[in-house]
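There are two complexes below, and they share chain A, which is joined by chain B in the first and by chain C in the second.
On to the complex of A and B.
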C-alpha cells in the first residue's frame, strides 16, 4: 500500500519513550527507499506516456482535429496515476525525513547529557551517519565550551554538597583527580568531588550511592 | 501548517478515508491487490490515506467521503450528544480532532466543525477533572478512552498538579 511502510517507521518513533532511542531500523528504512525507487520508475513511465499523448494532441491540432474521447480519458487517467505516484513519493520523503530528524534531535540532546563518549548500549542503536553526527555535534559543543571556558552541561540546580559518595564498577587504576589521587579499583567506595565524579558516572564507570 | 517533521501530524495524515474515484487512474495497481489490473476505474471506491486523498480531492481526481465516525447520522454522534466524556474515541481514531480539523474544510458537511468543538469542550472538562483528582488506577482506565491529544492534555494536567503540590 502506498506510504504504509513509511508510516510504520514513524509509528515506531511515536511508540518509543520520548528522549530514548530505539535501534535504527535499517531494514524498514531500506524498504521505504526501495518503494520510492519503484514509485519513481512508475512515475517516469507514466510521464513518457503523457508526453506521447501530448505530441499526438499537437499534431492533431495542426490538422484542426481534437483528441478522441477515449484518448482524452486515457490522458486524464495517466495524469492522475502520475499524481498518485508523485504524492506517494512526497509522503515517503516526509516519513523518512521525520524519522531521521526526530532521531537527530534526541541524539543532539544526548550530546548535552553525556560527554564525547556514548555508552555502548546506545551507540549500537545508531546508524553509521548518526554516530558521525553525534561525534561532530559533541566536538562542536566541546569547542564552544572551551572557547567560553565554561562547562555548560552541568546541572542547573546547584548541588547541596560538593562531595558525593560513589561506587566504582570497573577497574581503572590510579587516577589523578583535582584534589587527590584515587585508586579506582572495582567495588571501591569513594568520597569524591562531584565535578570529578560526574564524567565517570555518565560513562557508567561509577554509580552514585545514596547516603 | 503544522511542523513538517511533527510525528503526530504525519501519523494523523495516515488515517484512511473512503474515497470515490471521479476519473480513472493508470499505472496504480496496488490499491486492490486482489486482481492484477494496473488501473483504478472511475467510480471505484477505495480507502486511501488522508495525505493522498487531500491532494487528489483538491485536483478533482477523487471525492472524499468522511469516515463513519464523522458522518451526520452515526452512532458516534449520538453517543457524543448523549455523554461525550465516556465515548471511546481512541478505538475510532487516535487522531480524532487533528483529522477532523483537516477534513472539515474539504468535506461538504458543515456540521463537522461544531460537532468537534462540542465533543472537545465536554471531554476537556472531564479530562482536567480526572487529571487533577483521580488516583492513577482510575485514571489509567479513563486513559484508554482518550485520543492522543487528550492523553497529552491529561498528562500535562497531572504534571501541573504535581508541580503545584511541591
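On to the complex of A and C.
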C-alpha cells in the first residue's frame, strides 16, 4: 500500500516520548525515499501516456472525430493513476519532512540543555546531517549570545536563593569562581553562588543538593 | 498610563499613586514584557528601549554589589541586593530565551511575514537568518535533495501548490489568560454573539486571536 511506510515513520515519532530521541531510522527512511523515486517513475510514464492520448485526441478532432470509448476510459484511468502517484509522493514528502523537522526540534531543545557537546549516547542516535545541524545551530546560538554579551544557557529556573549547595562529582582541582577560589575535589560539598555553579551542573560535574 | 484611577476609585488615590508608580518601574515593565512574551503564542514586538535600560541597570547593580562586598557592608544587605540582581537577570535572560525559542520554532513563518519580521531586534534577525540557513541545509541534505525536482521546496508541498502550504505557524486561536488594569468596556469577540465586558483586574480566558490588538497596544496583559 502506498504511503504506509511514511506513516510508520511518523508513528515512530508520535509514539516516542516528547523530548526523547530514538535512533534515526535509516532503513525505513531510505525505503520511503525509494518509494518516492518509484512514484516519480510511474508518474512520468503515466504523464507520457496521457500526452500521447491527448495528441491522438487532437488529431482526431481535426478530422472531426472523437476518441474511441476504450481510449477515453484509458485516459481517465491514466489521469487518476497519475493523481494517485502525485498525492502519494506528497504524502511521503510530508511524512519525511515531519520526521526530520520534529527531530530537529528535539535536537534544538537539547541544545539548550547540554550546551555545545552532545553526550555520546545521544549523538549515536543522530544521522550525519542531524549532527551537523546541531553543531551549526549551537554555533548560531553562541554567536547571538556573544553579540549580546549575555549567556542565556544559565538561569533556566527562577532563582530563589543566591547561594546553593552542591556536591562535586569529579576531581577538577582549584577553580577561580567569581567571589572565591574553590577546590573541586570529588565528593566535596560546597556552598556556592548559583551563577557560578550552574555551568558545572549542566556539565554534570556538580549535583544539586536539596536540604 | 493609569487612567483607570479616576473612575470610581478616588478614595484610594494614594494607593493608586503608589501602584501606578510601581507599575511603571523598569523592573515591573520587564516583568510584564516577559509575562506577555511567555504567554503569547506569537512573537511580540521587541522591547528595545526597555531591554537597553534594564541591561544598564543590571550593570549598575553589579557594580554596587561589588562595591558593597569590597567595603565590607553587612552581608545580609549585600545578599538582598544580589537576590534582586539575580531576579532581574533571570527575567532578562528568560525574556530573550523565550523569544529565541519562538524564532527557532516558527522561523519560516516569521521570515515570510513582514509584520513579524520587523518585531525582531537586529541580533534576533541575524540569529533567525542563521536558523533558516541551518534548517534549510539540514532539510535539504536529509530529504529534499533526494526528491524529484518539482517537490524540492521546503515551503511548498510541490510546485503545483500556489501558496506556501508547508510552513508551521503558531496557533493564534489558543486560549490565553489575560487581565486588564482598567475597564475596557464591552468588547466584541470574533465568533461570539455577545460582547464581553472587560473589567479592571478581572481574569479572562479568551482566544488570543481576538485580543491580539489589545495585547499589542499594551491595553491588556497576559498572565
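Heads up, the rule we're going with is that the second predicted complex is superposed on the first by the 156 of 211 C-alpha atoms of A that agree within 3 Å, B and C clash if a C-alpha of one lies under 4 Å from a C-alpha of the other, contacts with A are read in each partner's own complex, and residues count from 1 in each chain.
FYI, a contact is a pair of C-beta atoms (placed from the backbone, for glycine too) under 8 Å apart; a residue touches a chain by one contact, two chains touch by 3 or more.
These figures come from a predicted structure and were not determined experimentally.
Q: If we overlay the two complexes on their shared chain A, which of chain B and chain C does A:148 touch? Say first, second, both or neither.
A: second
Q: Once chain A of both complexes is superposed, is A:10 in touch with chain B (first), chain C (second), both, or neither?
A: first
Q: Does chain B (first) or chain C (second) touch A:65, or do both, or does neither?
A: In the superposed model, A:65 contacts neither chain B nor chain C.
Q: Just to be sure I read the superposition right, which of the two partners does A:85 touch: chain B = first, chain C = second, or both, or neither?
A: first
Q: Which chain makes contact with more of the residues of chain A, chain B or else chain C?
A: C
Q: Could you look at A:22 and tell me whether it touches chain B, chain C, both or neither (first, second, both, neither)?
A: Neither partner.
Q: Look at A:42 in the shared chain and tell me whether it touches chain B only, chain C only, both, or neither; answer first, second, both or neither.
A: Only chain B; A:42 stays clear of chain C.
Q: Counting only touches as set out at the top, which of chain B and chain C does A:77 meet: first, second, both, neither?
A: After superposition on chain A, A:77 lies in contact with chain B alone.
Q: Have a look at where A:2 lands relative to chain B and chain C in the superposition and call it first, second, both or neither.
A: Touch partner of A:2: chain B, not chain C.
Q: Taking the two structures together, which residues of chain A meet both chain B and chain C?
A: 94, 97, 101
Q: Which bits of chain A are touching chain B when the two form their complex?
A: Touch list, chain A to chain B: 1-4, 7, 10-11, 13-14, 42, 45-46, 49, 73-74, 76-78, 80-85, 87-88, 91, 94-95, 97-98, 101-102.
Q: Okay, in this complex, where on chain B does chain A touch?
A: Per the stated touch rule, the residues are 4-8, 10-11, 13-14, 23-28, 30-31, 39, 48-49, 51-52, 55-56, 59, 61.
Q: Using the touch definition from the top, list the residues of chain A that touch chain C in their complex.
A: Chain A residues touching chain C: 33, 36-37, 40, 86, 89-90, 93-94, 96-97, 100-101, 104-105, 108, 112, 127, 129-130, 132-133, 136-137, 140-141, 143-144, 147-148, 150-152, 154-155, 158-159, 161-163, 179, 194-195.
Q: With touch defined as at the start, can you tell me which chain C residues reach chain A in the complex?
A: So the residues of chain C touching chain A come out as 55, 69, 79, 82-83, 86-87, 89-90, 92-94, 96-97, 100-101, 104-105, 123-124, 126-127, 130-131, 133-135, 137-139, 141-143, 146-148, 151, 154, 157-158, 166, 168.
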